[in-house]
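The following pair of complexes shares a single chain, chain A, combined with chain B in the former and chain C in the latter.
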Partner chain A sequence: MWIYAGRRVIQGIITVWFIATATFVAMHSVPGDPLLSDKAMTAEIRANLAAKYGLDKPVFPDQYMTYIGNMLQGDFGISFTQQNREVNDIIREHFPVSAALGILAVLFAALGGILWGALTALYRNKLPDIIIMFLVILGISVPSFVFAALGQLGLVGLNSWAGQTVLPVAGWGTVSHMLVPALVLGLSTMAFLTRLMRSSMLEIVNSDFVRTAKAKGLPPTRIFLKHQLRNAVLPVITVLGPAIAAITTGGFVVELVFAIPGLGRYFVEAVQQSDYTVIMGTTVFYGAFLVFMVILVDLVYGLIDPRVSVE
Partner chain B sequence: MSESIQQSDLVLSPTSFKPLVKEDSEQGISRPSLSYWQDAWRRLKENTRAIVSLYIILGLLAFTVLGPQIWGASGATSDVDQISKAPFANRAATIVEPFEPWDQSKVTASNNGLQLDGDPTTQAVRLVWEPMAASTNGYRIYRNIYPTGPERALGLPLGEVFPSQGTYFEDRLDLSPTYYYYTVVALGDKSRETQEFQSHEFDVTRVITADEAVEKNLIESSSDVAVGDEVMLAWHPLGTDYLGRDMLARLMEGAQVSLFIGIVAPLIYVLIGILYGSTAGFIGGPLDQGMMRFADFVVALPFLLFMIVFKIAFGVESGESGVLPMLIAMVVLLWPATARLVRGQILQIREEGYIDASRLLGAKSSYLIGRHMIPNTMGVILVTLTFAVPSAIFTEAFLSFIGMGVAPPTPSWGSMCNEGLKTMNSTPHELIFPAVLISVTVLAFNMLGDGLRDALDARMRSRE
Partner chain C sequence: MNSSADTTDPILKVSDLRVEFDTYGGIVQAVRGVNFEVSEGETLAIVGESGCGKSVTVQSLMGLIPMPPGRITSGSAQYRGQEILGRTRINGRELRGSEIGMIFQDPMTSLNPTMTIGDQIAETLQVHRGFSKRDAAARAVELLSLTRIPEAEQRAQQYPFEFSGGMLQRAMIATAIACEPSVLIADEPTTALDVTIQAQILDLLNDLQRDNNMAIILITHDLGVVARMADNVAVMYAGEMVEQGTAHDIFYRAAHPYTLGLRAAMPSNVDETAQSLQPIEGSPPDLFAPPPGCGYCARCPHAVEVCATKPPPRFSLEAKHNVKCWQHHQDAPSPPTELFLSSTTQAGDTAAP
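The block that comes next holds the complex of A and B.
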């Protein structure tokens, strides 16, 4: 177990290094250079600025080594477009917002997916199954930005119907700001998990141990909770890692539409403004986060399901 | 019954037996043998949802390829008379005389609040109002497209009238055929607004001069129509967008981008994946290990983040659509999934009995790959391909939505959604049409993929 965990972590570190290098190479192949700004500057000022930021040194190995070295110390540099603002500060300030939204969305998606999936399997080919599976197909086929737009329209409608602000339409601050964005963010993942849970539950419903439990005369709720649900949930846990990745990147759109000051929206803005240090820092940070999330989920899965040997 | 046949009654002699004659008809019971693909096709045909999806996909392809030939309009030209018009919006315009300057000396002064001189048309709205007692410094004129309401939302300030100019105002500012709520506020000391105002709403009609109509190709020559006749402006079956561009033409052009990326990108990366995976799987050993480690790293890269990073790295020159960088980035990042899948299949098939048998009969590697391995993985590959299309379309839409996809003015469904989202309250059709097309396409490919998986998967077959 520990050997396996160690190997996965080392692999993860190499992947993050790969991400950092690829981002570095990609950013340096962008046409133009960082000192190209609207303001005209003399050659001396240019040279001084280049010297200050180390841009006069060769890209490889000097700039690359500095970049990796700084990164190892947790320093992603300073923003290009916002003077004197460190990328670290930006991440520290905006990531908690994205994380809070993401956690709530994962929670919505996981609980909803498990519940709906179990329901559809229990009522196979009956009305609840048909309705839920229709919604699932809708959830998988409609892009997240459309859901975000509809969610916002719905909020506007709700508020004007109630004559007061029931839930705020956009912004950030309280739990009520989070509810609808998190639901929208988790929706497609919820649909995906529902489908997975349904097929896994259908397999369990027909398995021998469930028949045995029934034959023993156990009450149906006990069979459902103790035997069926517990076993059917396992495959859902394996995809939680990629699901977290999907929700994190899906956050870009939701944060943009609902005006939430999260890291995702910041990343999109940095991309639109060509703020290279912020793009690099955020990409490496997000990349590392996602890589280790997947590893964590895999390891947790090994702990939960004794049948899986992780060696 | 069996009791009645006593053993002693049964007398057997050689004549009791005769050889069974082999009859051909017994062979006829079996149905003609079907190949794997024939069988899969038969099963797919039974799946209504998959077949409907297939027709939808064919329809979408026709919409993309044949559509622009049939519907000749271009998505790049803007119809300035019809901006953000919903489908089936009124497009009648009345022919009027060319614009003449307003001769205010002929106007009778108003004795009943805010009034009009002449008809309110898109050519000009001419306002006349009663002199107000509080006005020491003239008047300010406002126009709104919404009712003024108790909070006195006056809307757009159009201009000010000095005391010397009387009580007349001519509005020619970007008039649309709709209801306008005009308000005239009296200006008091230091040009501050007073509480005294007059307001009225007018239904502005769309008008056009005969010369303008000829210019826009609505009529042959200006002698064909007389003042007061109605002409129809250009027809836009799905309305127009915020720049007056024809939605149907833009949706077709957007489909070319979205479906091109959605189909070509998966085709390329699945092909690369097949080559990579089958090489690694067939050769095996340290080469396989090395190749798969590399694939593992590419898989671990956060996909959308790297799509964005790659897009920036490629850069988009002015005049380029940005489709090619997106295609390359997608291929570079997505091939490993297929490679892994194909390698797994090849490894599995390599151990099968029929491969051993074939090898025993002297088959060469190239024959084994071409005759056994690739045909046997084709089913899985086809299913992967079908599911790859919707995710590619989603990716394109997502990138275009956050402004990282195709560069304007090239339309794609994603960028059209992005543009439509900004005005979804007032002109929802600009968002609805592209969003529905994305959803229907994704849904159709997903259902077809489901159907194909059911039809091609041997495990599913035995379960029924």
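The block that comes next holds the complex of A and C.
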């Protein structure tokens, strides 16, 4: 198991290096640079600044080598547009916010997906199935900013009806701030997982070993929990790794609508302003996070499915 | 009807069982009035080709038919004198796994892949017999050794994918007999196994039956298995039981042309009788619209006019031997000599053709 994990980590490092290189190339291929700001700037100041940040050197190999070298030491540099702010500080300050929101969203998505998926399979072609599958199509096809706005509207309605603040409409700080944004953030993943769980469950319900369980005279709840659910949940777990990454990195719209100080906003702003160091920092960080999550899920999978030996 | 002259009361008695399935193509009449009974310590083999309704018959007794699309339209099944058809409990006690055990054709897919073998065996003891987790686990190991699995203690901790097919079928048997059921239903238990393993599994079933005085209902299409195991045999064709009798009756005094056909299609290694295998020409009737007469009529070499228009009644030949074939009617013209014809034929419940 440890050898396997080690090998996966080495593969992961190579993947992250690919991500870093690709981002670097893409970033420099886009017209514009971080020194193009609104402020009037003489050619001299511009040249001085370029010299200070090393932007006067050739992109390859000098700038590239410097980035990779610094990155290996865990130093993502200083933001170009937000003076005196280290990229590491930005990540350290704002990632935990995105992560907390993301974990809650993944929890909603996974539990909801498994529950609704199992339910639709058990009530196949009956009313609960039809209603839930209709909502699932809605959840997959409606973009998250619509749900975010609707969620906020709902909160305003709830608060004015109750005459007090039941759940805050925006902002950050307590669990009550997180609930609705996390739900909105996890909604499309929940819908996707529901469909996956439904088809997986339908297959299991008709399998030979479930027939055996019935022939053994086991109570339906035991058949459901011990024989159906555990086997049906396996395909859901495989996609959970990418889902976690997609949710934690894809939260910037929701963060914007609910005024949550997450990392997503910095990521988008950095791309718009060609803030090289912040782009590199956040991309490589998110890339590494995704790779780590996928490895973690694969290791956990080995614990749940005895047929998969992680060696 | 089967004889009531039996000395022992049957432990399971099924009469006039009919099962239908709704499909896109129409209603399939899978089982069309089946009667049989089985007593303690006795093995009844139900033989017939694929799709003749063997499995549906026993699965409907076990409540394993998905309803819908399945439907039991009539009949009765009595376990120790109590009606069990359409229900799975009598007197608040679960029958399945407790009174009636069942094993299936394909052991490779019939066990839960994410649960240890030991847990799967122990489960029934915990649910039906109130065993503690620890006692059930210990008993599971004993059951595994009873089914001749070596190193049972380690094996109990393993998962199905770590077992071979023969071992899995033993584990299935261990699960089915855990609660010492009175009836064991074996639905083609050796079809997926190779011949040497097949013999071991059959021996095991024989020994377990002797020790526990179980009744076994064995479903198979293999007459070799029947010869080895069965006390009584029911030959099924197109959802009906066309001939029933002791194993001796079926092998030496077959009275139905289909039974003869099955025997001719079986390889033999006895020199005098060795001949090329005779396939039964044609295919079974469409069960969406069963023929008005005898189901075997279209393939039967001895069919006469009445066979196509009227279903044959059941003729009693001997105490346990009965057959549904017009050739046994008293007015039948020159019945073929290869059919066993009893002198008691005339005493059967005959109806004028």
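Here is the rule we use: the second predicted complex is superposed on the first by the 279 of 311 C-alpha atoms of A that agree within 3 Å, B and C clash if a C-alpha of one lies under 4 Å from a C-alpha of the other, contacts with A are read in each partner's own complex, and residues count from 1 in each chain.
What we mean here is this: contacts are C-beta pairs under 8 Å (C-beta built on N, C-alpha and C of every residue); 3 or more make two chains touch, one makes a residue touch a chain.
Predicted, not measured: the structure shown is a model, and the values here were computed from it.
Shared-chain residue A:Ser141: touches chain B; no touch with chain C.
By the touch criterion stated above, A:Gly74 is placed in contact with neither chain B nor chain C. In the overlay built on the shared chain, the residue A:Ile304 is in contact with chain C alone; chain B does not reach it.
In the superposition on chain A, contact of A:Pro58 is made with neither chain B nor chain C.
By the touch criterion stated above, A:Gly163 is placed in contact with neither chain B nor chain C. With both complexes placed on chain A, chain A has more residues touched by B than by the other of chain B and chain C.
When the shared chain is aligned, chain B comes close enough to touch A:Ala26, but chain C does not. When the two complexes are overlaid on their common chain A, residue A:Lys226 makes contact with chain C while staying clear of chain B. Of the two partner chains, chain C is the only one that A:Ala213 touches; chain B does not reach it. Taken together, the two structures place no residue of chain A in contact with chain B in one case and with chain C in the other. Residue ranges of chain C in contact with chain A, taken from their complex: 62-64, 88, 94-98, 101-102, 104, 106, 109-115, 123-124, 127-128, 159, 161, 172, 175.
Residues 207-209, 211-219, 222, 226-227, 230-231, 234, 304-307 of chain A touch chain C in their complex. Contact residues on chain B toward chain A in their complex (touch as defined above): 296-297, 300-306, 308-310, 312-313, 315, 390, 394, 397-398, 401-404, 414, 417-418, 421, 424-425, 431, 435, 438-440, 442-443, 446-447. Within the complex, the chain A residues that touch chain B are 11-12, 14-15, 18-19, 22-23, 25-27, 29-31, 137-138, 140-146, 149, 153, 156, 245, 249, 252-253, 256-257, 267-268, 271-272, 274, 279, 283, 286-287, 290-291, 294.
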